[in-house]
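Each of the two complexes below includes chain A, the first together with chain B, the second together with chain C.
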Partner chain A sequence: MKNVYINSVGSVSAQKTTHATDFLTDIISYNETVIPAIDPVYKDFIPPAAARRMAKGIKMSIVASKLALEKAGLNNVDAIITGTGMGCLRDSEKFLSSIIDNDEAYLTPTPFIQSTHNTVGGQIALEIQCTGYNFTYVHGSNSFESALLDAKLQLELSEAQNILIGGVDEIGDYTILLNKTINHIKKEPVKSSEIINSQTKGAVFGEGANFFVVSNESNHASLARIEALELYNTLPIQSVAQRARQFLKANNLNTADVDALILGNNGDVEFDIYYDELASGDFKNAQQLVYKPWVGEFHTASAFGLVLAAIILKTQKAPREFQLNSIVSSHFKTILLYNQYRGENHSFTLLRQC
Partner chain B sequence: MSQGIAITGMGIISAIGNNVAENYNALISEKKGISRVSKTATIHKNDIMVGEIAYTNQEIEAILNLPPENNYSRTALLGAIAAKEAIRNAGVTDIKDYKTGLISATSVGGMDMTEKYFYQYLEDKSTQKYIEGHHAGDSTQKIAEQLGIEESLVTTISTACSSAANAIMLGARLIKAGKLDRVIVGGADCMSKFTINGFKTLMILSDTYNTPFDNDRKGLNLGEAAAYLVLESDDIVRAENKTVLAYVKGYGNANDAFHQTASSENGDGATLAMEKALQIANYKPEDIDYINAHGTATGNNDLSEGRAIMRVFGENVPEFSSTKAYTGHTLAAAGAIEAVYSILALQHNVIFPNLNFKTQMAEFSITPQLTLQEKPLKTVMSNSFGFGGNCSTVIFSKEA
Partner chain C sequence: MEALKLELKENIIEQLNLEDMTIADIGDDDMLFGDGLGLDSIDALELIVMLDKNYGIKLTDPKEGRHIFESVNTMATYITENRSK
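Take a look at the complex of A and B:
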């Protein structure tokens, strides 16, 4: 079985992540309940006429995927695998509200076409003329991890050499309103640095597109090696720590080998307790980082977590704003990520230095 | 590479029956499930025809013993019925005895409830339980819960109308790689106003019975359905002395990279998918005994698919038919219901007729199988193509 490497990343997020020069240098602090991603200069990547027809999720994904391909020095890949929790939400909302508002009359096909969950995967394939394998996973907070798992399987078995994978979700205004109604989004704005200790229900929502070229061939630019990945549809809170230990053990590691633990805390008092099982338990002596207060919660936010982990392993530096505890590692060789959303769809991802 | 993955169970619910036996009886007695719309409130009910499932949501909730406060979408309800039949059929009594996962496909997810309560959600608290049931993954989580699958690999694929074929493909790969011992694979999609209107704007809905591969075809009929297969490792089959219904022998997915919705004129993606599947199966084209075509009865699909079939099979195209005249196009579930039909074809050595055909297509000379035909079958190829250029082929075989 071959090793699997992250050879490049391309990220559009609520932080500065589209330019190599200021990549995550000045961390932006927000005081919101919903954090939109920073719009890149789309015309540098997409012809304006085409861009006008695209919702933000598609545009962000094209930018992120082009950045990843460019950094990997590739024009094409063997496969494109995307993950999206909610799909092309803006077009879905647009098409559905016009069906209801106009009583099924005066509809145009574009929002329907673009509401399909695999629009992004299909658009990227069209864009780079990739006729290879093209899958889209839509499984809540394990959408991106499913894409990663699929890619890893193909690369390990040499069924492909370079695969473009990514996670994308966009903010849809009406869906935001609905999520506020059911307290999945916080009632009041919270400062990024205070989200974790907010002690209130719901998260601060966000959006973004995070893409990667993963490969079974490493090169000088490779950022990290993807060692292992496990997905669980359910996980009782009392099993989280045990599963983490088992996961490390299966990879001949123990908790002391983890140089940094990257957690998916979003400040929701009802569900961050899953992360506390690791943060104040087995890993209390490890450096702990969180990213959702700075990019928002969305089903594929964990793909930003993977960007962060890969960058830390490559640069040996971690943004201090993302720090959860006070422990700082002298070096980063092994990073463990744990994510879940509202107690469902849990994942453990293990990354190592190349 | 050519070792097939064992299929040990299957379950289905569609417009032509609530289980495998009913579906088979309808197929061999040429009984269509296409009618006017009765269960979805739409202004188009008199100008389109659909494949609806007889059960109401309340009837399925009762069968599943769901509490009144449940927030199941119709997609989840249909999926649970079919997945449970598959598990029973596979003789699985304890789902936790082996490492078992679930790969489900859907395109609408919980849209049926969202479109019903979209504005009401803001005021009516009793409807708000459906808000978190909207996303596609939610129906899969519920099906997993119905099957008792916990702390395991459960995921959802949504690649439009090829989704369920892709779920079968991923499941087979996961068993081959030893990641799972058993996996339930398939898909579910219910009827929704959203999809009816979407396809209406694309002007590809027929106002009468759909007629696959007919020269005068007028478009598709939408259908709702769910179907699942149980795939098991050779170790389970040996240890439990399991009856194997058929094998997943080959599979291929490729992208047409031509247009967001339309297929390329000569079916480039479809050709690639069929070729890849043959290669994985280690088969030559002449090893295929029957093709269950995608055959949606749209002008574009049937021409593109027919040409692709001719590119792959040359002068010797095997018998082929589309079963969409029976069920309508069941979108993300189509690959799974046609997998069940392909397995039934293998089990009974019978080719299901391509109903409603009258006139030969002008563009080529191949003609679908028009009558029920008995023929010893060893292999069946099943095609599924979707928006986003997504093309998938799965090959089923009698022998491993």
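Take a look at the complex of A and C:
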């Protein structure tokens, strides 16, 4: 079986990630309950005639995809695999509201056409004229990891050489309202640096698109090797540490081999305890980093975590603001990522230096 | 008629997400499809729904639509003659 490498990344997020050189040195701190992604200059990437019907999620994804392709030196790929928790939420809200407002009459086609989850993958394919395998995974906070797993299997078995994968989710006003009502979003704004210790229910929500060119051929620009990936729909809290140990052991590693642990803490006092199982337990002597306080929680936020891990392995630098504990590794060879949302859809991802 | 043309231009820009355009960019006789504004078949559907919703006009003959949607002028004339609201 072949190795799988991350050869490039493209990111649109609440941080200055569109031009990746900035994003480790100039971190933006927020004091919000919902953090929108920073809009790039879309006209630089998408013809205005095509962009006018696109929701933010699609536009962010096309920009992130084009950035990833450009950095990988590719015009096209063998496959496009997308993960999204909620798809094109704004168009879904728009056409559902239109059904109610207009008493099920006068429905216009655009929001309906654009509201499906696989619109993103389709629009990217149209933009780059890719006629290869095109698949979209919708599986809560395992959506992106499902896309990554699909790509990894295809690349290991040489069914493809270069695959564009990504995770995208966008903020929708009505969905935000619903999530506030059920306390999945925090009641009060919290500073990014204080989210982890907020001791309140709910998370600060966000949005973003994070895309990667993954390949079974490495080159001088390759960022990291994807060693292994394991997903669980359900995982009792008592089993988290044990599964992490087993995952490492299956890859001939132990907890001491992990130079950095990247966790998906979002400051929700009810569910960050899953992360504490690792942070205060087996990995208490490893450098620990969190990213969701600075980009927000969304179903595919873990794709930003993978961007972070890949860039740390390439540059050997980790942003100080993302630090969860006080331990600083002298080098980064192995990074373990763990993510879950509200106690469901857990993932362990293991990256190694190229 | 002038007020209706203005209203149509505003609605066309809003409904069809022509973000970079203003009312001043759309001439009364400019072609809406093809070489003019460059609208497409999805826009045509949006305009048909707009006629029905805003003016109570139901278009059933596609050939008829080709003439009605030629320009803001032709749309305004047709709406004035056929509107029920």
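The rule is simple: the second predicted complex is superposed on the first by the 350 of 354 C-alpha atoms of A that agree within 3 Å, B and C clash if a C-alpha of one lies under 4 Å from a C-alpha of the other, contacts with A are read in each partner's own complex, and residues count from 1 in each chain.
Convention: a residue touches a chain if its C-beta (ideal position, glycine included) is under 8 Å from a C-beta of that chain, and two chains touch if they have at least 3 such contacts.
The structure presented is a predicted model; accordingly, all values stated were derived computationally and were not measured.
*Asks:* Given the touch rule stated above, what does A:G87 touch, chain B (first), chain C (second), both, or neither?
*Replies:* Only chain B; A:G87 stays clear of chain C.
*Asks:* Can you tell me whether chain B or chain C touches more residues on chain A?
*Replies:* The partner that reaches more residues of chain A in the superposed model: B.
*Asks:* Classify the contacts of A:P48 with the two partner chains as first (chain B alone), second (chain C alone), both, or neither.
*Replies:* Only chain C; A:P48 stays clear of chain B.
*Asks:* With the two structures laid over each other on chain A, which partner does A:H299 touch: chain B (first), chain C (second), both, or neither?
*Replies:* It touches chain B, and chain C stays clear.
*Asks:* If you stack the two complexes on chain A, which partner ends up touching A:T108: first (chain B), second (chain C), both, or neither?
*Replies:* both
*Asks:* Looking at the overlay, does A:N339 come into contact with chain B only (first), chain C only (second), both, or neither?
*Replies:* It touches nothing on chain B or chain C.
*Asks:* I'd like to know which partner A:G132 touches here: chain B for first, chain C for second, both or neither.
*Replies:* The answer is first: A:G132 touches chain B but not chain C.
*Asks:* Thinking of the overlay built on chain A, is A:L178 touched by chain B (first), by chain C (second), by both, or by neither?
*Replies:* A:L178: touches chain B, not chain C.
*Asks:* Based on the A-chain superposition described above, do chain B and chain C contact any of the same residues on chain A, and if so which?
*Replies:* Chain A residues touching both partners: 105, 107-109, 113.
*Asks:* If you look only at chain A, which of its residues touch chain B in the complex?
*Replies:* Within the complex, chain A touches chain B at residues 80, 85-87, 92, 95-97, 99-100, 103-105, 107-109, 112-119, 121-123, 125-126, 129-140, 142-143, 146, 149-150, 153, 156-157, 174, 177-179, 181-182, 184, 231-236, 239, 243, 299, 342, 344-345.
*Asks:* Along chain C, where are the residues that touch chain A in the complex?
*Replies:* 15-20, 38, 42, 45-46, 49, 52-53
*Asks:* Give every residue of chain A touching chain C within the complex, in rising order.
*Replies:* For this pair, the touching residues of chain A are 48-49, 52-53, 102, 105-110, 113.
*Asks:* If you look only at chain B, which of its residues touch chain A in the complex?
*Replies:* My answer: residues 42-44, 102, 106-107, 109, 111, 114-115, 118-119, 121-122, 128, 131-132, 135-138, 140-141, 144, 149-160, 166, 170, 173-174, 177, 179, 193-194, 197-198, 200-202, 253-261, 268-269, 272, 386-390.
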